[in-house]
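Okay, handing you the structure first.
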Amino acid sequence: MRELYAKLNRLFPLGELTERRSNLAFITLTAEYLRPVLLHLRDREGFSHLVLLTAVDWLEEGQFQLSYLLSDRANGRDIGLRLMLPRDGASMESIHDLWPTAATYQRELREMFGIDFPGSPRINEEFILEGWTDIPPYRRDFDTLKFAQENFVARPGRETWDPARHMKDQLYPDGA
Amino acid sequence: MHFEWMMIPYSLLTLFIVVNYGLLLTALMQKIGARVGRRYGIPIWQNYIDLVKNYGLRSSITHGVMFYLGPVFRLSGGVGLLLFVPTIYGSVMFSNLSFAGDLILALYFVFFGALGMALGAGESGHPHAAIGVSRGLSQMTAAELPFALAVFAVALQYQTLSITEIVAAQQGAVLHWTLFTNPFAVAAAMLSFLGSMMRPPFDLVLAPQEIPIGPPTEYHSSYLALMQTNRVIFPIAKIVIYMNLFFGGAASWPVFFLKVFLIYLFSLFVGVAFPRFRVEQSIRWFLVWALPLGIVAIVLV
Amino acid sequence: MKAELEKRIVKGPDGIEFEVDPLQDYYCQEAPTVMPAAYSKIVEGFFNWARAESLWILGFGTGCGAIEMRPLMTPRFDAYRYGVQWRPTPRQANLFIISGYLSVKTLKRAIRSYEQMQNPKYVIGLGSCTINGGMYWDSYNTLKRLDYYLPVDLYIAGCMPRPEALLQGFEDLKEIIRAGKGEGANQYAQYFDWYKMNQKQVIHDWDMPDYNW
Amino acid sequence: MAYQPDRSQYPARRPDGLSRHPASRDTSTALCVGSLDIDLASGKYLKLWQGPNHPGITGNMSLELTVCGDEVVEGKTHVGYLHRGFEKLMERRTFIQCFPIVCRICVPEPDFNEYCYAAAVEELAGIQSPERADWIRTLILEMGRINSYLMYLGGQAGAFGLGVIGQWTTYVRDLMLDRFEELSGARIYHMFILPGGVRDGLPDGFEQRMEETLVEIERVMSDVLDVMFRNAVFKKRAVGLGYIDPALIEPYGVTGPPARAAGVAKDVRKDQPYLVYPQLDFEPVTGADSDVYTRADVRRRDLLMSIDLVRQILARMPKEGPLMAKIPNVLHWKIPRGETYIRGECSRGEYGYYLVTDGSGYPRRVNVRGPSYTHAMALMERLIVNCNIADVAGLLVSLHTYPPEIER
């Protein structure tokens, strides 16, 4: 993967490389180079399969990380492209023209994270949720437990134990 | 033969026997089908309970007048068909009103119920019902064609339209049956029979995986119960026609039960072993395989 | 509101223009009424017996419990023996098995399906998630308590319940029906406002008539 | 006939004047980008909803079809009826608390969730699972694959109205579930593969009972071959239906049997071997015609291959050895910052977990990549155009979709 990174780095300014396994690496890059890098990887290097497209919310740093994972079946290797976006008004170029199936992923990200992909087909149609008016639920600042308690009626009698204390009481009553 | 008032209670008795036999027979057929799938199947009296339950439901809604009349037409088609054919040959009690009707009337009744149902289901407004009706009518047109040809062949062969006389001509020996005297007509009619029994490969009207469940989608409570009643009478009435025309009729109830059972079983055996046709495949199948047989039957006669 | 639901003038294929108000024309808004047992005790008892012995399930798998439905209707467990059958349309079904968690989106469809079923009708809550949320107690999209939204006759606990538990559940439901206690439909009609209030509390974009037959 | 909505279904609308979070999307301006300009009032088209309450739909999802006569001119997949928010729930559970809920993501074949999650956690935490555990994991995955294929075959035949196949295959699937039950104590959710290893070894006499089950499955499969695959009517319905052009495989992210039926030997077990697959002897099953019939046939042969793999595993697996690697105290288990992707070949295609950790005791983000995600959405919407209404169910089943893995 290092040769590939070196080769790519000659063509495009890339960020850091994280090697996870011998056949899986993650590369950080900036938004304007995403499309050329994707095109290069798809057409020149054989990474023709878009495995997934998802986002990670780094709330503390005020950023969304978009992860594009590509796979090269012939050589059995995968490459992940990391892309940082500012959390406010997050918007990214759509890649549905490279992989039609990316439209579905982008629709989900629009709904669950609130990241916009202008031009992606049916991007504003409801995908999973229906009538959702709160914060997009996969954002870190959305508290699912609080939402559930406010919206749904709970049946009384359900108890929750702290696992650590419960284990201590049940298994080691002597305080070992 | 002329009309006597006594015939009415006699026909009602026939109807009663046929309804009960039909309820048990359809349950038995379901059990046999279940055995193919290694199941035990429903209890033999399950149909009675379902019927009572459906009549006993408290609420029912309607979509309009034709929605009411659909099941009524359907049931009168079934009952009428049964009443105008002689159930037991040579029996005064169970010849019903057959003196008054001939083959053409019977053919009319076969079609009558389905048309009434089409009107009723159309009014229910469910798209699946509409699709089911259009499928059903187009398939029925294709499937009844060979049957009509076979019937004409038989009528030509015996030079009569009276069902009683056709049965009478087949008595004496097994080899006198139309099955042996005119095998092509019987083959054409039996293929058409498959098409009218609502079992695969020709159950595209109901087609649970495609248009669940076609015309009866919106029917419930007592409407559905009426249709269930018809569903046990109508196949038997139709089988009675087949039995009379092609298989020598029945001279007593045990023979009747046996023959109806065997003819019914024929459609079941085909049904469990085949998937469902598409509409155009089904129509093409009837036109390619059954229709030439019917024409050959006519030509040979 | 979607364009297809708005009141509008439609020009038919035959050139005649007419006004369509889908919410009024396609749906009946009349509230359900309590339908008492109208017959004498013996007749009603007989009907209740028939209702108990002929349970027609609505074939609507709302959650993961639907996976155990196929074993239930096939050789090993064969629920047909007990008068249990599938119906693909709500009109003909009497028993609605809520097979697991209900998400808010499915709740809308479940309510519609339930309201299209005919009185008397029964609801079984299958799995722990219908009782108190189960595994998904903190999820933002699943209901925690089914009986606030639909009248439930019986719960079957487990995650997921085995087909044997389901068969036992059917037997218990039959007991309830035979005893004349399976009056969920009347309960729904009686406390209709309360059920609607609860339903509207979770369905934020309520866009159907209050009652659709 | 004018446009009549299916009354069991009802589209959504949002009442005005509802306070909305600025980031949540405003659907009132949503534009339907369709390829066709369909005027429903013309009476030429009919809008038809199939599902979620529809026997021909694989689970709780729905298809919004616009039909002209018997032909579908446009189809849209609607999902979200089974959404529980797993990816959110896992962010507030510790690594070991996630283990019992991951299997609930995909109901008919839950073991892949357990394996992918366990392997992802192990990789980020730097744990190596013991060899014997790897063999048992492979065994469970192959058993799950057999289960899933048996379910599929019944569904595929059932979609064309041949119900008896479903009865037979469910009967042998129950036998297979018995083996799962004696292994793990549960029929559906086994919760057997946990981070670090597996819960237990094989019970006594398991190999022999397994062999009996496999023989029974093979016997039923030969019946299925006769009644389903050699059936003239089934061939008439399935051959040529739902053709996937091999050129569509990569753009649409098609994996698993649909790709293999198109002649592309995509099989993660061979391409990026995991667990003990490098030591097993097998070749990916491929087909050529890429239609519904070929896909069904590829799955049938794949099932027979899985039976062979189970036999190989049982014959060659070590009988002794540890089942669990040493893992830290699960109550205080923190995993350093990192991200990884683990994939496996499940019965429907490539199944994967993308796991991101941030050094705390909880996963930062888990993303599940189910094969149905691409198959049932983008691919299905493309294949369904010009399809007969009667074939929609058969087509959907042939893509082997399980909606819970689309929406999680």
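In order of appearance the chains are A, B, C and D, and numbering begins at 1 in each one.
We adopt the following convention: a residue touches a chain if its C-beta (ideal position, glycine included) is under 8 Å from a C-beta of that chain, and two chains touch if they have at least 3 such contacts.
Here the structure is a predicted model, which is why all the values come from computation and not from measurement.
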Identify the chain pair with more contacting C-beta pairs: B-C or A-C.
B-C
Approximate Å spacing (C-alpha centroids) for the pair subunit A, subunit C
37
Would you kindly tell me how far, in whole Å, the mean C-alpha position of subunit B lies from that of subunit A?
61
Would you kindly tell me how far, in whole Å, the mean C-alpha position of subunit D lies from that of subunit C?
28
If you look at subunit D, which of its residues touch at least two other chains?
4, 7, 12, 14, 18, 54-55, 80, 83, 85, 88-89, 92, 166-167, 171
Touching two or more other chains - residues of subunit B
37-39, 208, 212
Which residues does subunit A have that touch at least 2 chains other than itself?
128-133, 137, 142, 144-145
Strictly by the criterion at the top, what is the full list of touching chain pairs?
A-C, A-D, B-C, B-D, C-D
Residue numbers of subunit C touching subunit A in their complex, please.
104-105, 108, 131-133, 137-145, 148, 198, 201-205
Contact set on subunit D toward subunit C in their complex:
2-5, 7-15, 18, 40-43, 52-55, 59-60, 80-85, 88-89, 92, 100-101, 104, 107-108, 151, 154, 166-167, 170-171, 173-174, 177, 187-189, 404
Under the stated contact criterion, what part of subunit B meets subunit D in this complex?
36-39, 125-128, 130-131, 200-201, 203-204, 207-212, 272-279, 281
Please give the residue numbers of subunit D that touch subunit B in the complex, ascending.
1, 4, 6-7, 46, 48, 54-56, 70, 157-164, 166-168, 171, 227, 231, 233-234, 236-237, 388-394
Mind pulling up the subunit C residues that touch subunit D in the complex?
1-2, 4-5, 10-13, 20, 22, 26-27, 58-64, 66-68, 70-71, 74-76, 86, 88-90, 101, 103, 105-106, 108-109, 112-113, 116, 135-136, 138-142, 159-160, 162, 204-208, 212
